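The two complexes that follow have chain A in common; it is paired with chain B in the first and with chain C in the second.
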Partner chain A sequence: MAQPLVKKDDDRDDEAEYSPFLGIEKGAVLQEARVFNDPQLDPRRCSQVITKLLYLLNQGDSFTKVEATEVFFSVTKLFQSKDLGLRRMVYLIIKELSPSADEVIIVTSSLMKDMNSKTDMYRANAIRVLCRITDGTLLTQIERYLKQAIVDKNPVVASAALVSGIHLLQTNPEIVKRWSNEVQEAVQSRAALVQFHALALLQQIRQNDRLAVSKLVTSLTRGTVRSPLAQCLLIRYTSQVIRESNTQTGDRPFYDFLESCLRHKAEMVIFEAARAITELSGVTSRELTPAITVLQLFLSSSKPVLRFAAVRTLNKVALTHPMAVTNCNIDMESLISDQNRSIATLAITTLLKTGNESSVDRLMKQITNFMSDIADEFKIVVVEAIRSLCLKFPLKYRSLMNFLSNILREEGGFEYKKAIVDSIVILIRDIPEAKESGLLHLCEFIEDCEFTYLSTQILHFLGIEGPKTTDPSKYIRYIYNRVHLENATVRAASVSTLAKFGAMVDALKPRIFVLLRRCIFDSDDEVRDRATLYLNTLGGDGEVVETDKDVKIFLFGDLDIPLVNLETSLKNYEPSEEPFDIDSVPKEVKSQPLVEKKAPGKKPAGLGAPPAGPPSTVDAYERLLSSIPEFSNFGKLFKSSSPVELTEAETEYAVNVVKHIFDRHVVFQYNCINTIPEQLLENVSVIVDASEAEDFTEVTSKPVRSLPYDTPGQTFVAFEKPDGITAVGKFSNMLRFIVKEVDPSTGEAEEDGVEDEYQLEDLEVVAADYMMKVGVSNFRNAWESMGEDFERVDEYGLGPRESLAEAVSAVINLLGMQPCEGTEAVATNSRSHTCLLSGVFLGNVRVLVRLQFGIEGSRDVAMKLAVRSEDEAVGDAIHEIVSCS
Partner chain B sequence: MLLAVLISNSEGNILIERFNGVPAEERSHWRSFLVKLGADNLKGSRNEELFVASHKSVYVVYTVIGDVYLYVVGKDEYDELALAEVIFIITASIRDVCQKPPSERLFLDKYGRICLCLDEIVWKGVLENTEKERINRLIRLKPPTNI
Partner chain C sequence: MELCPCVKNILLLDFEGKRVAAKYFCDDWPTNGAKEAFEKAVFNKTQKTNARSEVEVTMLENNIVVYKFVQDLHFFVTGGEEENEVILATVLQGFVDAVGLLLRGNVEKREALEYLDLILLCIDEIVDGGIILETDANVIAGKVASHSTVAEGLSEQTFSQALATAREHLARSLLK
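Let's turn to the complex of A and B:
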């Protein structure tokens, strides 16, 4: 934390300018609050005490339930006072206290009285407070008044009711949706803010009804919208309608409206329209031009917020339409010296995206001056932009690499340094000419690197790339220095790197042996163990011989198991006669939400080992299934799917299913939750109709004996399927159970129950269920090492498709494989694309797929599918999956 | 959604904070992030000069008025321009209540009324009022003049 967030009064030493809250103490204020109970109320005094209470609450002081309730009771007595100022304070403190007070109900009658008052201001405030403390039952009682309030002629009352509606929609949607007619009327209000609030609420009420939103937009774009805020909302809803209308040909609907908003008098509206236009899917240069023009004007505005908004939008446009933004480059260059560093950083990164090869050097000069006075998080953004620029203009690698190495030497935190190192690594990988200078920069960096993680990663990378250079010996000094100067972790990494040099470069081997022998006397166990291991594997005891293939695989081979899975399996392993079997470790990579959030097309991080996944649930499933005797002879679990929901959200019973795939069996695990407190379910099972899944035969099922309220239970159904066949099919499911009433006061269930059924959604077993997503770190190497022996290539027409990206994602989903090297992302407007996939097929067979797509003007997509696998039959199976779909 | 309105003194001590839709465990993170942002940029800046930043999909607009620093945080429809509107009305109301850009002492003297103004401007993350004259009347439970 940057500053101590202490109470203001604690560090006050200047008596002359003392705070009115000096020495304020909760206990004393609570004592003072007794003044609320006086028969003769002093409004001024009461207001002061309420202010003190507010101050305490704002300072983070929490009241116990007893304290809050006591104050709350006292405050309600203040409704007796007719003093307007005090009444306004009472409304505020009730709102602030209500979440922690139990007895809100006692204030309801006073508020209901105020809600029907002739004084408009009482009505408006009472509505806001009531909506804050209301529940479904009370809301039904006051609904009539709220509906009236929405169309009240006083805009303050109408707005209070509408904003209440926006909040209540989250908790009681079915009630608020009944106010649609009144809200519709309020949208036509002459009061600007009422229109704004009504429009927001109406759109939220109708958001699932595309036609209704479309009608709303159509009528409002023709009419008058008074408030700029409402106009901004309308632009947003219009964009949504355009997105959903998905028109491929002819004029884009509502474009004229958006374009006309560029001439609105409010800057907020102009900007919103410009941004909406830039975000239209498949926007043309003609459509973009007027929007870019107004954004360019904003770049030189005196208001920082406008400059920021404009440059931020242009930054995004530069990703997809760099040429459209080049006209603004001069304006953006002047923003590099903007006092607001956020604006300057955005300007620089935009320029890096739009600049041409000739402007790179000039730009780098400007950036060098700029880098010294910005914070690390901005620097990281700049480093990433420079990396992209270098990949775009490989001939400029020299100046860009120099820039990166210079900033690597300067002060900076871990994340910043990591970004630079990652960038250098990526440049080394992608630009062969940059390799030698890049490796030397990294070597110099580890001479004085304070981050163990980065040192070890660089050493690992040096071990892979260094031996392939023209003069590997020059790196040895830097590596061996680490053995003397660093901590044990780095020393151990250095030993491994030295061994890799020894393995790959025969000429260096004798000298490496000498160095490794010295490491045997290290003070750390791991360093000594590694040195001994490598000396033995490389034959350091005897004569210098060529390193054999197994040793190279040991030193350089990929560990094709996610580390997190290995860790879990090792933790579960109990020492016994039977040695730990690494083949028993699951290879499935669990999907990670973080990865999905990555920007499409983003390069994988340079050094980073695959990010650690969440703890594996595979083991949990495996343990669960192996504990059930009926499934004990099914063999080893190949894969478990992620849960598929079979019920809608907020239904009486929540059921999802996990598909467990074995060689000759499929087990459906239905996870059930009973969400009705008044019911106990017994003998719960799922009746599965497999008439649309001919290859499957039900073998056994296991019901849940008892399913009390809110306690998850699992029922299983197992099917047999032919061995080695990717059987697919559709299953319809019916939940069957005996329901017993539960007495809510005692929690006891009645003795007699009634048999009942509940229809669930259908479930499908698809080809992708037989494939595990297992990535490879270097696809090309993996592809080549797999060899052509079992390669199967064929071409397919995929017919007309919405876009190339859609076709690519459809095929990835169909096969259920792991996209490699970011190839799942398709550049906008590209006509062809290559996608690389990797996976393990049922029977633990590794499969690699190379997909080449092309799209024609008529949106017909053609695909060439090349499969390499360890088993010919699997290659055929992959082609069959594609051809049958 | 207007995620937060936060007012601190120039030393980073919180005077008023209102969070909406921000989980309790994330609040202290936001608090220190905003205070640092102010400490880095607001010292020596002009009264009511706007500063802006964004982090992922969240926007921050902040400024100084008298001796107090003021931050508003928003996302979705509350982007930088909408936040500028919000901060503008908050500063206008503070100036109105205090009758000048306030010292910290003056701000605390008018604490109750400033809380009322905030209550009229932002309610649970939604902008409710944007005119200072109207707000000035509403906090005294007087109806707006333009009805």
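Let's turn to the complex of A and C:
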């Protein structure tokens, strides 16, 4: 299409090379900067040198501290010149140099002089520069001038002061907040942009005062707003007020205002309003209609930005209100051929979201043409959209699966291929009919796959799913071919997959053994080792017997241990007589704070392994506790909670507690810090009142002998509880100690101390304390292999809840289990949700939970809880946790 | 919550993706390396498109980038993914037109470097720390030129005249 336009003149070569900055060098420019010190300043020359300095900075060169200081000092000399243009360049470079506080003082008086100059250009720019480089103390000196500037009749000066105010609000809020009267006045300004800047600042000053923002919006939506930018800002404030007002019934406040903005003359305002309407929470289709209508007009605009804006917004609307968008489908289909590929991709994915079952085939035809000429990143978006479409219309799996397998055969990078493979894997998992054809597509793909990672992942997946199909033998050829033709990593994976077929399908055993025996002669150690291991454990010495369950678990079972923990334990293991004990590896996954995903549930886990947590602190606790003789007979530590604060921040003594759970004991570890330099605490202990925790009996406690200022110390209290019972209760805590005065100058404590007490907050032991968060990589497999023997199912009413998502997270927190496969995220506006949880219960019992939620119009939430575990009693215990609360 | 429309950067690159002038207003790209990588990505993603008659738009790294090409210069304005792209396009159009006025229609790399001080002042007048100061090309160019030693000639013609020459020049170069 468009080549870079260059002059076609004959002397082009010379000209293209020409640049005023050709061969520019920092050292030389810094030398040149000496002209700033000349007694007779040449403004033009100085301007040129500043431009050169700015050019260097702009190209990414940086000055050392010394160089910057030197330049800064000589630049300050230029304030002597009266030349307007030069002064302007001086302002610019001072901002770029961002001088340090002690340097700022040097220019302060010059800038303050400019701030009060008669020339508006000086005033506006001096304000911007000074506010950029100033600190709090200086600000109080110039505050008076800034307040005047805000209401200055020159709009440039007023805007400069207001914009500076917005920046300063971040660092010196208490000062800027004092300007609100002036800012309020500026909101009424007749100058369009002053109004915009004043509105921005005023809202930020008052953002924590909902009532004030609401009043502001009310008055402005009735008045006149002069600039489109200010109008956009007002729309955003209005949406915020609507969001926070939360009225359940009747007409939505300010909706009429938003709707009227759809008829504004500026496109940016129309779009802002349309977008705001589509984003209203719980928007009705009646409210949506006018917004969709203007967006539909934008779809056929000649301006790409408008088409993009419209299709991007409709794409989001399609997630929640697909029906509302279907009116635009014809316009959207014509956008598939849009020159701008971003627009075309958004159009396609929107169509995929709104399409109905009958239109799928036609749509796929159009997409096939489109796929050949877009970049990988767009293709990935399309593949993901097709995957969700297929899950929505399982009957259409045939044509969609065909599409996926076709594009799998075409050229493409790793990320793209991975997206396709992940999609096929998910379809195989969720649509049983699609399994056989999907597996064959994957088999064909590995015949000619250049990515080792994908080959090994697919082989692993084949090993799980292949043996369960009606005719497992047909996959063997594809797998064994890999042993011949691939690199060592893929060969090793193939050997494992073959062995899995052998272990699961007895009829195939003899043939598999023949193939495995050939692998013993492989050139790679790992491949040979694996083949040998499998032959020996599966009984490859001739006899065809059913493979023992233990062997299957040994070879192919889940380790149930976070790999990070295993890695740490193995690193810590020192070679000795004692063999490494895999049971000694802590199973606790350190819970990560749930990062709010941009699109909840958008990326279901494909082949990927479960997320590995950071190394846990369990090791450290275990070492600490086992070093204390009183606790040595408690057995193996099951779980340690994260610290719970028992004091407010910044009190005299900071105490938090960690709950350590053993089979028959619970140990509270109180971490104390004395924050008073004039005190030394001795004999510090915590007196625990367990009268509200009947099942617990205090057995021992261990005080801290001495707790000097700012040195953490730990005191312990241990309780006995009935074996295996998940006893719960509330404990009140009192810190007791002997306090001694310390002379801060010498650091010596007085002889005599006084006994004192300090009330701490209560502490609770809850059911979740007996549960460890341990995830599984494939919940469905784990669920099925657990079996129905000890399944316990029951239904519960949770009463009215704030939202479905809130109910889901409340139950997850109550049980303290690990959500699997991203099912903790609830799609907005959905009426039902299934959540999968996994964990290990006290006594090292695996537990899997499947929760099904439904919400009714009155926000009543009902829940079906199905538990599977290795122990019947544990299933009952889980139900008890839910039913007791 | 930040509600004020926000510009993350303004870029002016040449036809090979080299930086002519760039100003970043946020910390998303903390080092010069990160900035250059972003510029390269933006340039590669957009260079094959035809952004000469209308402002074009794309998404990159969860940002919205609007862009326009004039001769051998590529103009870009970036905002966050929640930003109103029409606002960003207005900022970009103001930038392109103001540069057209300041360079008196000769919008090309050589002129831009020759009058780099005007380009830098122009960016300084459009956005301050991410907040939009002005989008009207005539006002922007007026503020820059009124105190420029280099562009004395500009004061001889009015800005609407200059804009007319700029348009004429553009049209001619497109017809070539």
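Observations
Note that in this section the second predicted complex is superposed on the first by the 620 of 885 C-alpha atoms of A that agree within 3 Å, B and C clash if a C-alpha of one lies under 4 Å from a C-alpha of the other, contacts with A are read in each partner's own complex, and residues count from 1 in each chain.
Here is the rule we use: a residue touches a chain if its C-beta (ideal position, glycine included) is under 8 Å from a C-beta of that chain, and two chains touch if they have at least 3 such contacts.
Since the structure is predicted, the reported quantities are computational estimates derived from the model, not experimental observations.
After superposition on chain A, the partners chain B and chain C collide with one another.
Contact with chain C, but none with chain B, is seen for A:Q207 once the two complexes are overlaid on the shared chain. By the document's definition of touching, both partners, chain B and chain C, reach A:L229. Within the superposed three-chain model, A:K153 lies in touch with chain B and out of touch with chain C [touch as defined at top]. In the superposition on chain A, A:N37 makes contact with neither chain B nor chain C.
Looking at the shared chain after the overlay, A:S47 reaches both chain B and chain C. Looking at the shared chain after the overlay, A:S302 reaches chain C, while chain B stays out of its contact range. When the two structures are aligned on the shared chain, A:I166 is found in touch with chain B and with chain C.
Shared contact residues of chain A with chain B and chain C: 1-2, 4-6, 18-21, 47, 50-51, 54-55, 58-60, 84-85, 87-89, 92, 121, 128, 132, 156, 159, 163, 166-167, 193, 197, 200, 229, 232-233, 236, 267-268, 271-272, 303-306, 308-309, 312, 340, 342. Taken in their complex, chain B has these residues touching chain A: 9, 11-17, 28, 31-32, 35-36, 39-41, 49-54, 61, 77, 79-85, 103-105, 108-109, 111-112, 115-116, 119, 123-124, 126-130, 134, 138-144, 147. Across the complex, chain A is touched by residues 1, 3-5, 15-16, 19, 21-23, 32, 35-36, 47-50, 52, 54-59, 62, 66, 69, 71-72, 84-87, 89-90, 110, 113-114, 116-117, 120-121, 124, 128-129, 131-135, 143, 146-150, 173 of chain C. Contact residues on chain A toward chain B in their complex (touch as defined above): 1-8, 11, 17-21, 47-48, 50-51, 54-55, 58-60, 84-85, 87-89, 92, 95, 119-122, 125, 128, 132, 153-156, 159, 163, 166-167, 193, 197, 200, 229, 232-233, 236, 267-268, 271-272, 303-306, 308-309, 312, 340-343, 375.
Taken in their complex, chain A has these residues touching chain C: 1-2, 4-6, 15, 18-21, 43-44, 47, 50-51, 54-55, 58-60, 62, 83-89, 92, 121, 128, 132, 156, 159-160, 163-164, 166-167, 193, 196-197, 200, 203-204, 207, 228-229, 232-233, 236-237, 240, 267-268, 271-272, 275, 302-306, 308-309, 312, 339-340, 342, 598.
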